[in-house]
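Paired with chain B in one complex and with chain C in the other, chain A is shared by the two complexes that follow.
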Partner chain A sequence: MVNGYHPKDLIEALKIRAEVSCIPLAGGTDLMVQNARGTGLSPNFDKPLLFVGHLPELRHIEKKEGFLHIGPSVLLSEMLSHPFIPETFKKAISQMASPPTRNLATLGGNICNASPAGDTLPFLYAMDAELILENHAFDRRIPIEEFICGPKQTELKSDELLTDILIPTTLFPVSYYKKVGQRRGMSLTKVSFHGLAEIVDGYVEDLRMAFGSVAPTVVRSRDCENSLIGEPVSTLKSRFNEIWELYEPSIQPIDDARSTATYRKNVCYNILKDFLTHLENIKEIYNE
Partner chain B sequence: MKMSISKSINRTDAKGKIWGETPYLGDIAFDNPLYVKTVRSNQSHARISAIHIPTLPEGYWVIDKSHIPGKNYMKTVVSDHPILAEDEVLYIGQPILLVAGPDREKVYGLSKEIRIDYEPLPAVYTLEESEKQGMVFTDYTLSKGNPVEAFSQAEKILQDEYSTGLQEHVYLEPQGMAAEFKEDTVFVYGSMQCPFYVEEALTEALNMPADKIRVIQTTTGGAFGGKEEFPSLIACHVAIATCVTGHPVILIYDRDEDILSTTKRHPSLVRYKVGLDKNNTLTVLDIDILYNAGAYAGISPVVLQRGIFSSTNVYNFQHIRVRGRNFRTHTVPSGAFRGFGAPQSIFAMEMLMHNIAISLGLEPIDFKMKHCLKQGDTSCTGGKIHDKIILPELLERALTLSEYRKKIQTHKPFTGIGLSLFLHGCGFTGNGEQTIRGKIILQKKGKDVLIKVSSVEMGQGADTILRKIVAHTLELPIHHVQCEVRDTGLIPDSGPTVASRTVMIVGGLLQKAAEEMKSRWDTEENLEISKVYHHPDFLVWDNDTFTGNAYPTYSWGVNVAEVAIDPISYAIQVKKITAVYDVGRAIDERTLRGQMEGGIVQGMGWATIEVMHADEGTLVQRTLTDYKIPTSTDIPDIVCDFIENPYEFGPFGAKCAGELPFTGPAPAIAAAVSNALGIPIKELPITPEKLLEMKNDED
Partner chain C sequence: MKIECTLNGQRKTLDVSSTRRLLDILREDFHLTAVKEGCGEGECGACMVLMDGKAVNACLIPAGNLMGKEIVTPEGFKESPRGKIIEEALIEAGAVQCGFCTPGFVMAIESLLNEHPHPTEENIREGLSGNLCRCTGYQMIFKSVRLAEEKGAGLW
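== the complex of A and B ==
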């Protein structure tokens, strides 16, 4: 038997969180699979469940003071049809799972599951997204990069819940998303990449590049990005091997049931090259 | 005028399945049932030195080999798989014990508490290693003409090698069986293709006569060959468990358990040495076929036979020698799977032809057609092809529908087009049909007719088609014709539901019976007609030398595949498959298309995304998260067409159709990928990982 709490609001949820050791469950699309046992047996949870998917305080999508706020219990399918969600983020979400799963799965669940293959993460890393973690007394604000510390490992404390996801409303004219899976639908990622850029007068004004599934957490090499900011776009292609050398050490993929380390690394190379070539194409369009 | 038999009607099983009303095994309620869980080997090859069983609560049982009343093996072609392990285990997942009890939770708990001590033994994991160590199960050779002399006269001699990987069936409904005792009879219920295979296995395992055993097929949610021989094993498990405990018992596999422990498609390796004359005609072939049978031989000898007899595909070669061997490895046993050994050897042959043509600078179509079989030619077993061959018409239609000739000239980088020719031998291999002598019964009661056969509905549409054949012949509305439940106590043995034989062989017998019934319809209120299969007299077969007509006739196909390859990830997208078939005549066009489209998608999966391999005997892809089959988003645009070529001995001219479509996509896709990237493809599955590596090696 599995026990569960179904709080009526966030206050009650945080109170339960403070009093009992429990597992928050939003859509359950990770938890139910991870804890599944055999046919006819209920999943095996070692602690009671705290249902958070229905909490009204966690289901908002709004813009406030330069940030897009998304409640962690917002469904992936809701994000796909919401006008505030950037198109490039929708591109990533639309390639996750399948329509029925997206009708259950939440953004907060994808973040807190902290899988290196979590498909919302590269965008959130690239955008410098921040998270609000709350317990019954306090809240704290933490960059996503600091929140996720390894596969399935986060800074979430046992009395806290993720209550808000903040994405700066900065718009990037250049965006690029690529997910490589074993098949076209319902496929966990072998490699993913989210690239964002702003080019002004042929120079790189801002540049963000984040890879998923190629290391224990999403990889974003700020050194590499910074070294390219202020550079003329036209030189990126010829300097590509030098850029790759800077980037390459942070890409530490593994061999697993889905793919090989060598393949993943090669694909990262191809993606990065394609992205930077793509920047130049954009520049050409600007020059017209 | 009567409507054409080919005109589609609604599937008779569709509504219940779509509405979720049709009960499957898991929906059936039993009185105080016990749940059974299998305790399995976690070793590839080991001797069992001790088994530690915790104290069992009242009402719980642990069943082992000593409980088996009869022989401890599963009856099949080679009966070498123990029902429950003796002292040795030969693969990870091999059943050792059964735990039975009323509470699933406790049964699972107990099965986890059981400890087994092993002494590991040396294990062999790959086909190559098994060949080196001479761990051969079966070794067949056939030859035609004079290959030795032909090689000595050849202008050019080439060698090549092709391989294919594991494939899992992924039927929607996992394997499952239930059993109960009623008076002195054991009733076994479950998902299966071959009720009488199961019955035969039970007579040996239980040491009971067949009339004390009733095997009843429950609605079967897909099978693809996976429910040909394997269900006999778990039928023995539940039957023994019900005998030991005196309770009804239920054993239904979880998906992961099903993937871990049930049979797979045979991985293959095919080596060629071939000779060409000065006109670039292939005059002589030496074909060496190696199939990985896994830990036990089981049904593999017959799979290998079909592989050998199909190894020259649609081609006519004067001089050939084919050697075929099954090898043992310490991995999960291989078994029946749609195509039954033919897709592997045909893939190899199609790619050999393709690659030779490319290396000679010839258009593959022209090179292939130059070698094609014609009516009156002999097959690789020397059997005369009596029926009309319309392969050139099929090809022309496929080329026109796909615009192949234009596209092959104009394709862009990273896109490609490729073509395959293929056939499937209809019905059982060799003297199978003569041995089975399938029997059917057709019963009339007033205005209603009952079909009694052991051929099952497993999602392919057999019930609809068999009823349609009878209804059409008798000119009755289809609801006046029903099929008897597949209960071995109520039906004759029309043979197993395998080898694409149901329509052609069993449907043919039903048509004959219906014709006879029609002539007596008005005069007899109640009537029972039975028919037994007779092989056409002009077909000859010698099973010792493998000479003669390995199959009564063949169905044929042409596939054109179009692919696009992502230049960044090398992911393959199959954009379109154009398929043209000769299956004699369609009994129902929509149901037939269903088979063709499903077969194409399954064949495409085998060729591209279905990656499964074992690391030292442990499957790496053990769940449906890691083992992927095509989804609706992966399915290409499919253009499917038929050219009629009625077969004299099939009902309304129908031949075989169920397995044929599986074979075509892999070589067509491989040819298209090769066309897109300019590299030869010799291995399935074709993964982006391998393509990227090949391209990087090239640079």
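== the complex of A and C ==
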């Protein structure tokens, strides 16, 4: 049986995708571990692999028409050294795994693996990132929130490949990232949070808050965000418990090997409070 | 799958299953046993090699991703001027005890100094964060990076 395809370009890859049931593999840092069989043995995949990490069409980083386009096969380490990648996104990426793993792992892999603990996801959700999915005949554009439907579940059809990741080039003057894990290096996330804001004359102009690892998918409470837009920053701290009540129902963590639901919820409370306090600090800096 | 790649400076054509791990290819097919299997999931760094000059975990790489790549193992690196300096530095700092993790650390130190010829303390901790050592402790290993930096001035 053929157990792997190594297409020369995207067209050939999409042709194989249309004809054969297969598993796209870019860096392999998740798939090789999820399908491992133990010491000295090759991993076992129930379908042939389609290698896509080398495809030149999937390795771009460019700015076009208000969007930063990142090819899904771009390595995490390549993103860390690229001037177009926002610093706050780099902050999240630099805390993922370790340098040797980041030399293999790709952005597209982190998205398609659809882990609730995927550390690039809170930023992508907060930025309203969109994805391009292509088959041999058509392409479609889908918000990341609609693409990921649960742990390890995505809207990717069996003849499609993720071919582009679009992030609006909007700049947020206030950015905040926090990852809570067991140790600094090599740890999987217990809770992660990406917060972005724009404050104009002491009022919230735009606000994005996304939590990772606290529900089946990344959580963004748009109700909560919208209720705060237009509000004076100075009142956020005193209103925090009211804000938390609005946010809290969307945070549904579980007990697992890494942490407990109770701990995760407490951490979310503390992080959200810290972020909104941080907004006030930014305001104080502006006032100086 | 037929795979063309370079291993320790020599061109090779591998005829292997595309899912076979680079770690197994190196140890079993080429008897290059400096790479070790510790965790088998990319966390311990004992199987570290250089791929196109960058440190990577061989346990995470399927053969299909080796097409056209240049792989250097600790065996291929140790006789180079940089390899000798790192070896001396590890010995002088007392950074080797059981030795299981050492080949991986050699690769990580090479990759670290290649990126940061004069690393900060934070660069060193970050650069070696993908390698676990369970007996020497990390302080001597950190010290060996400083020694390699001094002894090998101009090499990186």
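The rule is short, and it goes like this: the second predicted complex is superposed on the first by the 286 of 288 C-alpha atoms of A that agree within 3 Å, B and C clash if a C-alpha of one lies under 4 Å from a C-alpha of the other, contacts with A are read in each partner's own complex, and residues count from 1 in each chain.
As a convention for this text, a residue touches a chain if its C-beta (ideal position, glycine included) is under 8 Å from a C-beta of that chain, and two chains touch if they have at least 3 such contacts.
Not measured: the values here are computed from a predicted model.
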Now for A:Gly28: first (chain B), second (chain C), both, or neither, which partner does it touch?
second
Go through the superposed model and pick first if A:Phe51 touches only chain B, second if only chain C, both, or neither.
second
On the A-aligned overlay, A:Met186 touches which partner chain: chain B = first, chain C = second, or both, or neither?
both
Per the contact definition in the header, classify A:Ser234: touching chain B only (first), chain C only (second), both, or neither.
neither
Quick check on the superposed pair: does A:Gly40 touch chain B, chain C, both, or neither? Answer first, second, both or neither.
both
Does the superposition put A:Asn103 against chain B (first), chain C (second), both, or neither?
second
Should A:Asn226 be classified as contacting the first partner (chain B), the second (chain C), both, or neither?
neither
Is A:Asn3 contacted by the first partner chain B, the second partner chain C, both or neither?
second
Could you tell me which stretches of chain A are touched by chain B in one complex and by chain C in the other?
33, 38-41, 98, 184-186
Within their complex, state which residues of chain A touch chain B.
33, 37-41, 98, 178, 180-188, 190-191, 257-260, 262-263, 266-267, 270-271, 274
In the complex of these two chains, what residues of chain A are touching chain C?
3-4, 6, 25, 27-29, 32-33, 36, 38-45, 49, 51, 53-54, 77, 97-101, 103-104, 184-186
Looking at the complex, which residues from chain B come into contact with chain A?
26, 35, 37, 104-105, 108, 174, 252-254, 257, 567-569, 571, 573, 609, 611, 620-622, 625-626, 628, 630-634, 688-689, 692-693, 696
Report the residues of chain C in contact with chain A in the complex, numbered from low to high.
1, 17-21, 24, 27-28, 37, 40-43, 45, 48, 51, 54-57, 59-65, 67-68, 108, 111-112, 125-127, 129-131
